Structures are given as structure tokens and as C-alpha cells.
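Two complexes come next, and they have one chain in common, subunit A, joined by subunit B in the first and subunit C in the second.
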Partner chain A sequence: MSEKQEKMRQCAEKLLRDGEAGYVIGWGETRFDDRTTPIFVEDPAGAGAFVWNEYAINSLAKYLLDDKYPDKKIGLFTRGCESRAINRLLKDNQIKRENVYLIGVPCDGKKSDRCTLCRERNPILYDVLLWTPEDDPPPAAGRFDRVKDIEAMSPDERYVYWGETYDSCIRCYACRNVCPACNCRECYADMSKTGFQGKQHSRSDNQIFGVTRAFHVGDRCIECGECERVCPMNLPIMGQTQKILKDINELTGEYECGMDATSENYLGRFDLDDKDEFM
Partner chain B sequence: MPVEKSFEPAIVAFCCNWCTYTGADLAGLNRMKYPENVHVIRVPCSGRVNPQFILRAFQKGCDGVMVCGCHPGDCHYSTGNYFTRRRFMIMKRLLEYNGIDPERFHARWISGSEAAKFRDTAAEVSEHVKKLGPNVKYREEFRITESAEAGT
Partner chain C sequence: MSRIGVFVCHCGTNIASVVDPDKLIAAARELPGVAYAADYKYMCSEPGQQMIKDSISEHGLDRIVIASCSPRMHETTFRKMLKNTGINPYMLEIANIREQCSWVHVDKDRASEKAVNLMRMAVSKISKNEPLYAQTIPITKKALVIGGGIAGIQAALDIADAGHEVVLLERESSVGGKMAMLDKTFPTLDCSACISTPKMVDVGAHPNITLMTSCEVESVSGYIGNFEVGIKQKARYVNHDICTGCGLCETKCPVKVESEFNLGLSTRPAIYKLFPQAVPSKPIIDKENCRLLKGGKCGICAKLCPLGCVNYEDEDRTITDNFGAIVIATGYQLVDWPSMYGEYGGGRYKDILSGLQFERTVNAAGPTEGHIVRPSDGKEPETVVIVKCVGSRDPNKGKSYCSRACCMYAAKHAHQILEKLPGTRVFIFYIDVRTPGKGYEEFYDQTRMDGAVYVRGRVSKIYEEEGQLVCRGEDSLLGEQVSVKADMVILETAMEPSPGIAELTSLLGAARDVNNWVQEAHPKLRPAETQVGGVFLAGTCQGPKDIPDTVAQASAAAAKVIGLLNKSEMETSPMISAVERDKCSGCGVCVGICPYKAVTLLEIDDRHGAKRIKREVANVNSGLCQGCGACTSACRTGALDLLGFRNKQILEEVDALCL
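Up next is the complex of A and B:
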């Protein structure tokens, strides 16, 4: 572990000293042993602050949106999930590839629930790869298990399940803020005058936020699991987006987002032979 | 919630200007009778119908929602309804997944000459929704505690 960490520090230091990158985003220590925090290092001497352990969990890609027009490149440690998020942002025209320098760090799995469904440990997209790629985990057979569990309920049970889930939603919008697919300049939920989203704390408004959020990101979800990780109420909100992915998989065959930066997402294109139930 | 005998459902039909709206107009011209609780909202294209409209309709007290557009291939804007088809194939399943009865949401392709199909669809949806009774799911009047009871 420490050898890899040393490689990361050296690479970051070199990038900063050569002036290739303006700053590097990575993980740093906190005062807790089992936590890391995203850090931004500008000074080559500070590159020793980067850490790499099983608690380097946060996805870093979304920080790129806070600095869309940097003077120099932004260095970014890139695991599988970050590279898919970056593909997402590139496809959505949010960042420019030449503005980022991606330091590939194949991931060996972290101590987080969000890594249990991981299928892409190695970065798909990188400028330099620091060590040999890891073996990808076997395709998780249980990818849509919990969706199937909910589908097995009766409609009323499903309503109560989701209703009770969203009753405890505090509408902090953390799931939106962390999601690499949620990159609108202004979110519909913040538009107070259009009336799309009610602001009351009621089951109805909470559920409508939940379903709408799921639908907005559903076909572009890279299943990184950040939304569930940041949810302060621990709501199983990926159950909604995964339902959409499951349906897309069933309707048109294998579908996965963020594997490249060019292919159009599912709801942004159409096929003349799409399945039709509306005749 | 007990279903009163006099219950008349409120149904919103989003109709595309070029096909279904014309079809509904033709139904009127031909003096065909369709249930008066179907409220037609004219949209430029079925692709205009944001899935949020459906959620919002349920929230504001509709008991059923219809989305109607031109048959695939007949869209006035060439491709609008192909996107609609994809979108609502997903949305329909997502609504069911969230507990909305599948009978409460319908999408149909109705062309400008299919006045009878519009009448039949409207009657069919109205009848189904009438049987189901008033919609309580997603209704904004129901507060957290009340709706928990109504849902169970």
C-alpha cells in the first residue's frame, strides 16, 4: 500500500514541479484513521499529503466542475469510477479533456458499501497509469437484486416502501450535489418560481423529488453509489436509478454508461424498432 | 378511503396538437360522446410532455393521466414521438415501481382520423379509473401521517 502511495506522491510532486498541472486533487488524511478527505495540493512540497488506503472512498471527479476554465491542467487521481464519471462529464460537455491530467490509479476495492457493486476497478481513461491494472471483479450477479425484491411487492406495498423511505428525506440535495450526472447549471429543484418542485416537507413532494431525480439521471447513471454514500438519512435511493437501468437492460440489451465519452445516452437517442406498448 | 358512488375521476389527457387533438376534435365534430371527466391539454408534440407533468398531475389531484400522440413514423416533427416512446416506456415502469397502479397511466398513439379510438380510449381509461377510486398516492393534500394510513 505504501509503495503505491509513494508513487502517487512522486507523480503529483513531479506534475506540480514541472508546472504541468496547476493543482492535483487526491485524498488526504483526517484526524480519524478510518476517514480520508479530498484535498487540493498546489505546492510541490505538499504532495506528501496524499494518501492511498482502503478509506480513500470519495469520488473526486465532480470537483472538476468547480473550476471549468483552469489556467493550467488539473491533476486528478482516477480510479474506475472516476474515469466513468469523467466520461459522463465529457459527454455532457461540462469539462474539456485537455484541461485535466488524469493519473490512473487502479483500485483494489475500498471499505465502502458503494464498492460492492463495482465492476470497473481500472481507469478507462487516463494520461498515465501508476501501477499494473487490477483484475476486474467478476460481474456482480446481484446487480439488480434489490430492485427485484421491490418489484416482487404489491403496488400498495411498493408505495408504502418508497413513501416511508422518502418520509425521512430531509431534501438536503446532497445526492444531487455529488452526482456526476447531475451537472445542470441550475437544478430544477432550485427553481423556485417554475413550480416544478414543491418545497414542503411532505411525502408527496419528497417522493416527487426522488422520482424526478431518478428519472433525470437514470439513463446516465454510472452506478458509482455516491448518492447513497452521502445521504445523511441512509436512504436506498439507488433502488430508483437501478430500476431504470434494469428496464433499459431488459428493453434493449446490455447497457452501461460512462464507458466512453461519445455514445449518446439512452433517452437522448431512439431506434425505429424500439419496443412499443402504446399501440 | 371509501369510494363514493358518485365518484367522478379527474383524468388529464395530454394530446399532441397534430394527431390526437385533431382526433378529439373530429370526435366532437362527429358528435361522438366521450366521458366529460377527461380533460384535454393540447401540447405541440407528445415529446413536449415532461414526465414531471404526470407526477405533478397526480400530486395536484388527478386520478388518471393519458399521454397521446401520433403513431410512430407520423410525427409532425419527424422524430418527436420516438423519444416519447422511449421516455414513457421507462416512466411507466418507474411509476409502477413506485406503487402507482398501471391503470392510472396510459400512453396511446391516436392519429387525426382515429376519432373512434380516442373515444374508446377515453371511455376505457375513465371506466378503469372509476373502478380504482380516487388516487391517494402522490396527492399533496395528504400529509406524512395521513398518507401513511391511506397507503396501507
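Up next is the complex of A and C:
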């Protein structure tokens, strides 16, 4: 672990010293042994703050949206999940590839539930790869297992399930803030006069938020699991986005987002041969 | 506060017999913002319109709700009326209480209640309406007609005669299409070639028409009045600028392949004219079959040509041109019946002909010089069975629709057989006989007088026995199984759209219906237009029809084109998408979802904090946008909104209904 960590620090230090990157985004220590925090290092001398351990959990790519027009490149440690998020942002025309320097760090799986969903440990795109790729996790058996459980419920049961789930939602929007597919300049959830999304904490307005969020990201979700990780109420909200992905998979065959920066979003294209059996 | 006027139309008894206008008036007067409400027997009539205009000045109205028929019927009428009143024509809403209420309900109380709700929705919506203003765009005064059959020829001639330039595009090496293959045309039995070839010559010689054969549409961009079309000129290997069409080259070509024009009933060389009366009357080389182009040794045609026209090095070229209007006239083909009807032998029996193959057989210029003989042994048939609706009206194996022309040409085929071979027995298996057309029923009667035997029922099976074709079927009038031993069988097969129609309509952004025919903008009121502005329809690309209807529709499409090209600029509908750039993050979901290619990303100068930046935002082309609203629902942040149907207007309607 420490050897890899050393490579990361050296790479960041060199990038910053050579002026190739304005700053580098990675993980740093906290006062808890089992936590890390995203850090942004500008000074080459500060590169020693980067850490690499099983608690380097946060996906970092979303921070690129906070600085869409940088003067210099932004260095970013990039695992499989970050690289898929970057493809998401590239496809959604939110960042420019030449504005980022991607330091590929193949991942060995971290101590987080979200990593159990992982299908791609190694970065798909990078500018430099710091060490040899890891073996990808075992075949993604059970990618949609939880969706199947929900599908098995009767409509009434399902309504109770989601109704109770969204009774607990506190509308903190952490799921939105962390999601790489949530990249609007202004989110409808922050608008006061949409006419359909109320601000109050009620089952119906919470459900409207949940359903709208699911459809906004459904066909673009990279399945990184960050939304569920950050949810302070531990709500199983990927059940909705994954239902959309499962339906698309069943209608059109293999469909997975973030594997490249060019594939069309399924719900974002006009096609005369569109599958319309459900209509 | 807005001052809304509500006007309820009785539409004679169409509305008033089911919906109670008094209830609507009473309800309207209770609604906030409604300053005046009145009803009248025919709101669209002159006195009705005058009544609205008088009320506007008398009561100081600034928005008008009319509860009447569908907006597709009279919205434009009422908009025109408002032009002279000082109210913006888009401060108008129509509550459809006829098609969507009185025509479909019988319970008067509940229908009236629904009508009140529809009216309340319109009143709520109009409170958020805003004045809209049309833009104008310039027009390129040139038309493109795609397809050189009788529809395309007629449309091209009409447009050209009105003084506009036309490019007539044809995929084959000659214009003429299916009509050139026919022998005689019902019900007058005038010879098809005699009436169509002069028109073919006319398009070839017309000073306003540029004929482009062996060409296909490769790309389309732009919008009504300003299309840019990429046209692929396929290699002909013969220089048509020099060629005189002497035909010497064709005489010595060693290759013999099945003639497309004669539908496999004869052969042709690899350097060939499609048919003797082809326009342009010059040959091309079929590269798939030419011995030299396939890599072998030959070159005879180049040696024979006295003018040196043959050029084996010829290549496909792309030509780009600009047009103000486009007419789709791509026609039809017959269904591939052998793949659909294994019980008819699936193409194994030589003496089963399609209707079009029989046309070639009976045609004096055809492979048998007009003698009706069996392809298998050249003998004249003594018994002929004609089977109608092969692939038509058969949702299980073929098409669910009726192909319209077959009843008549089946009668014509029977008549021709009985005329040329008196004494022949002709049986026609039919489901129904449909003869709606001038002189059609009389023609059908004549055919029966001639001696054709009509048997009501489908043929279930055809098989060969002792050199004859046994047709088994049911006579559903007798309720008995029947079996006819025939020497020749003619299948009157269904029409389907020409191959490539899917690709062409995608390029143009035009819609197709469930059977792949090109969708007209309105089945009754706009039958010669597509939903895409500036793209028109002629002939069987829209659906099966006979020659008179095809020609009529072609002239209708031409009239629409002429009307468009006569203007120097045109107004576009202001009910299109608008972008709120501050909200737009430039994600581009709208670009991919637009069926009309109307949305693109545009780089703009902006500020990000203190920094000057460039960023991309959605941009709607007002000429291309048809106001369908797909982008506005795809836009997550609501940066796109449809003018006239803004989200807030629709939500007002929802609230009016649900709250």
C-alpha cells in the first residue's frame, strides 16, 4: 500500500512542480483512522498529504464541475469509477478533456458497500497509469438483483415500500450533489417556481423529487453508488435508477454508461426504429 | 388582471345537442379573469366572428377563449380574425368541446361537466399566455422532386410550368417508374405508354427541369425554404453529355442478365437502357454484371462506341444543391409474395405471375410482344385464375390494408385475357370487389359481362398436377370447397413502400406510419404535406392509390410548392422552442432528441465569476423547429420551453383540472 501511495505522491509532486497541473485532487488523512477526505493540493511540497488506503472511498470526479474553466490542468487520481464519471461529464459536455490530467490508479476495492457493485476497477481513460491494472471483480452477477426483488412486489406493496422510503427522505440533496450525472447549471430541485416540485417535507413532494431525480439520471447513471453512500438516511435510491437501466438492458441489449464518452444516452435520442413495445 | 372573453359555439347541433352551452356560460362567468361570456350557433361564421370582434371593443377584452371544435379545424381562422382587433393572435385558446367531448359522449350531464372542465383549463392556461410574433425567413426558389414515376413527373412539370426551377431525381437510369411498365390503364383502357411517355419526354426537355437519373439523396440539412441536399450521382460508365443513344453498344455485349424492367421474364445486356422509350434515352453499365468491371477481359462496348462515350473509370460523385421545397414521390413496390405465401408454391411454379409480370406479358413492347402465353412452355392458357388480395387485407401473413388499385386491375387483366384469347375461362378469387371511382363500377360490370367468373373466397393452396396449377379455395357464397385447374395464375399482390423509404424519411425528418408509408400532415386537410415544413408528398409513397389519384395528389403537392416558392420570404410559426441561456448547461440532450435537427449547440461569450469564458448553449433554428416539444421535456433543468405551451401554462391547465 505504501509503495503505491509513494508513487502517487511523487507523481503529484512532479506535476505541480513542473506546472503541468494547477492543483491535484486526491484523498487525505482525517483525524479518524477509518476515514479519508478529498483534498486539493496546489503546493508541490504538500504532495505528501495524499494517502491511498482501503478508506479512499469518495469518488472525486464530481469536483471537476466546481472549476469548469481552469487556467491550468486539474490533476485527478482516477480509478474505474472516477474514469466512468469523467466519461459522463465529457459526454454531457461539462468538462474538456484537455483541462484535466488523469493519474490512473487501478483500484483494489475499498471498504464501502458501493464497491460491491463495482464492475470496473481500472481506469478506462487516463494520462498516466501508476501501476499495473488490477483484476476486475468477479462477473457482475446480481447487477439487478435488488430491482428484481422490488419488481416481485405487488403494485400496492411497492407503493408502500417507496412511500415509506420517501417518508424518511430529508431532502438534503446529498445524492444530487455527489452524482456525476447531476450536472445542470441550476437544479430543478432548487427552483422555487417549477410548479410541480414543492419545497415542503411531505410524502408526495419527496416522492416527486425521487421520481424526477431517477428519470433525470436514469439512462445516464454510471452505477458508482455514490448517491446511496452519501445518503444520511440510508435510502435504497439506486433501486429506481437501476430499474430504468434494467429496462433499457432488456429492451436493447447490453447498456452501460460511462464506458466511453460518445455513446448516445438511450432516453436522449430520436430514433425512428425506437423500441416501443411498452407504448 | 386579464380580461378574458369566453365564447361558446353550438356548432349547429354538433355541440349543443350534447353539451349545454348555458352551463358553460354560467360556469365561465364565475371564473377569475373572465370579463365576458357569450354563445352563438356558429362561432366561425361571419356574424359569429363579428360578435367576438364587437365584444372585444365593447368589453375591453385582451384574451379570448373559444369553446368549439378542434384547434386543428379553426384555430387559424380565429387567429386571422384577431389580427384586425389589436389583440395578439396568440392570445387565443381553443377548448375542444366537439371532437373531444360532444362527438364522443352521449350522457348530456357528464358531457357538459367535462366541457366545463375543458373550458376551465383553457381559461387557466390563457392567463399565462404572452404575445408571440412570427419571424420571416428567405426562400430558395427551386424545388427538388424525389422519384421519377408518374407522381414525380407530374409534380415536376406543374412546378416547372409555373416558372420555378425543378430538379427531378430518379434512382434508376430512366424516369417512368411503375406506370411505364403497365400495358393499359383502367377504366378507359388507354395505353399506359401512350399517355406517360409524352410526359417523360416533356420532363427531359423542359427548360426549367434538370433531370438527374441514377441519383440518390445522400444528405439533407436546412429547413423549409432553405434545404441543402447532397445528391449521389452513381457511376454510369457512359458519358451522357456525348452519347447520342444510338444503341450500338448494347448489341454486342456478351452478358445476359434478368431484365428488371421485364421482372425476370426476359434478359438484357450489362450495358443497357432500362427500356426502349427510356428518358434519358442513353445507356448505363450495370457494374455488378459487367465482365470488365468485375475484373474480367472484355471492353467490347468501348470499342464499338463511335463517340468514345464509355468510361470504365467513372466513379460515384456527390453534388450539393439548395432547394426551397422537396417533394417525396418515391412510389411503391409489390410485396415479395414468394417469401410470404409458401402455400402458393413460394415462387417454384413458373406459371404463377404477379400482376406486374402479367402487365409486361400483355404489353406489346414486353418479352412476348403482347402474346399471353405461359412462361413455362409458351402455350396460350385455356384457364386462368386471378387471385386478389395476395398480401393485402391479410394481417396474419401480409399487410392489413387494402392496396386499392388491385380490384380494378384484376378486372382489367380478366378483360384483356378475354379480349385477346376469346374462349378462355377466367376465375377471379376475391374477398370484396371495391370499385370507388369514376367509371370503375361500370368497368367491373363489363368484365363480368365479358365472362369472367368471380368466386368469393381466398385461395388456400396452389400446387402443380399434370402440368397444370390446381387452385384450391373456398366459395364462401356457396359455402363449398372449390378447386380450379388453371394453366396460368395471376396474383394481384399488395403494394408496399419502395425500398429505402426509411432512410430517406430519416434524412428528411419526415414520419412514417405503422406500415412504413410516409405520414401526411393531416389525413383530410393536409394530404399532400408531411409534418416537416417544406417537405411535400405525391403518389403512392403516402399509401396505395391508382393513377388518377396519384396524378391529382402530385398536382396538389405541386400547388403547395408553387405557393411556397412564389413568396420571397415566409413567416414561421412562433410556437417553437426557446432557450433560456442562463439555465442551459449545454449538455446537448436536446440535440439528440430533436426529430427535425432543429437544435444545435452554439458557443457564446459569458462570464464565470470574474472570468470571461466561452461556453456552449442550445440554439433553436426557427425555420426547422416544428414545436413538437420533445426537447422541452428532455431538458432536465427546464432551460428549453415551448412558446405557446410553456410548462407554466400546461401546469395551470393541470391545476385547473385537478385542484
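Going forward, the second predicted complex is superposed on the first by the 274 of 279 C-alpha atoms of A that agree within 3 Å, B and C clash if a C-alpha of one lies under 4 Å from a C-alpha of the other, contacts with A are read in each partner's own complex, and residues count from 1 in each chain.
FYI, a contact is a pair of C-beta atoms (placed from the backbone, for glycine too) under 8 Å apart; a residue touches a chain by one contact, two chains touch by 3 or more.
Predicted, not measured: the structure shown is a model, and the values here were computed from it.
**Q** With the two complexes overlaid on their shared chain, look at subunit A and say whether subunit B and subunit C clash or fit.
**A** clash
**Q** Look at A:K68 in the shared chain and tell me whether it touches subunit B only, subunit C only, both, or neither; answer first, second, both or neither.
**A** Once the two structures are laid over each other on A, A:K68 reaches subunit C alone.
**Q** Looking at the overlay, does A:N93 come into contact with subunit B only (first), subunit C only (second), both, or neither?
**A** Second partner only, subunit C.
**Q** Does subunit B (first) or subunit C (second) touch A:F270, or do both, or does neither?
**A** It touches subunit B and subunit C both.
**Q** Kindly classify A:T194 by the partners it touches after superposition: subunit B alone (first), subunit C alone (second), both, or neither?
**A** second
**Q** By the touch definition at the top of the document, which applies to A:K110: first (subunit B), second (subunit C), both, or neither?
**A** In the superposed model, A:K110 contacts neither subunit B nor subunit C.
**Q** Please determine whether it is subunit B or subunit C that touches the greater number of subunit A residues.
**A** Touched residues of subunit A are more numerous for B.
**Q** Touch test for A:I244: subunit B only (first), subunit C only (second), both, or neither?
**A** first
**Q** Name the contact category of A:D205: first (subunit B only), second (subunit C only), both, or neither.
**A** first
**Q** Once the structures are superposed on A, label A:E186 by its partner contacts, choosing first (subunit B), second (subunit C), both or neither.
**A** second
**Q** Between 42-50, 78-86 or 96-104, which run of subunit C pushes into subunit B after the superposition?
**A** That would be 96-104, the only stretch with clashing C-alpha atoms.
**Q** Going by the contact definition given at the top, which residues of subunit A touch subunit B in one complex and subunit C in the other?
**A** 188, 196, 267, 270, 272
**Q** For a test of understanding, state which residues of subunit A touch subunit C in their complex under the given definition.
**A** 68-69, 92-94, 183-188, 191, 193-196, 216, 264-265, 267-270, 272-273
**Q** Could you pull out which subunit C residues touch subunit A in their complex?
**A** It is residues 502, 505-506, 511-512, 582-589, 592-595, 601, 608, 611, 613, 615-616, 630, 634, 636-638, 647-648, 651 of subunit C that touch subunit A.
**Q** Could you list, by residue number, the parts of subunit B that touch subunit A in their complex?
**A** For subunit B paired with subunit A, touching residues are 51-52, 55-56, 59, 72-73, 79, 82-83, 85-101, 107-109, 137-140, 142-144, 147-148, 151-152.
**Q** Taking the touch rule as given, give the residues of subunit A at its contact with subunit B in the complex, in rising order.
**A** So the residues of subunit A in touch with subunit B come to 147, 150-151, 155-164, 167, 188, 196, 198, 200-205, 207-208, 211-212, 214-215, 218-219, 240, 243-244, 247-248, 251, 266-267, 270-272, 274-279.
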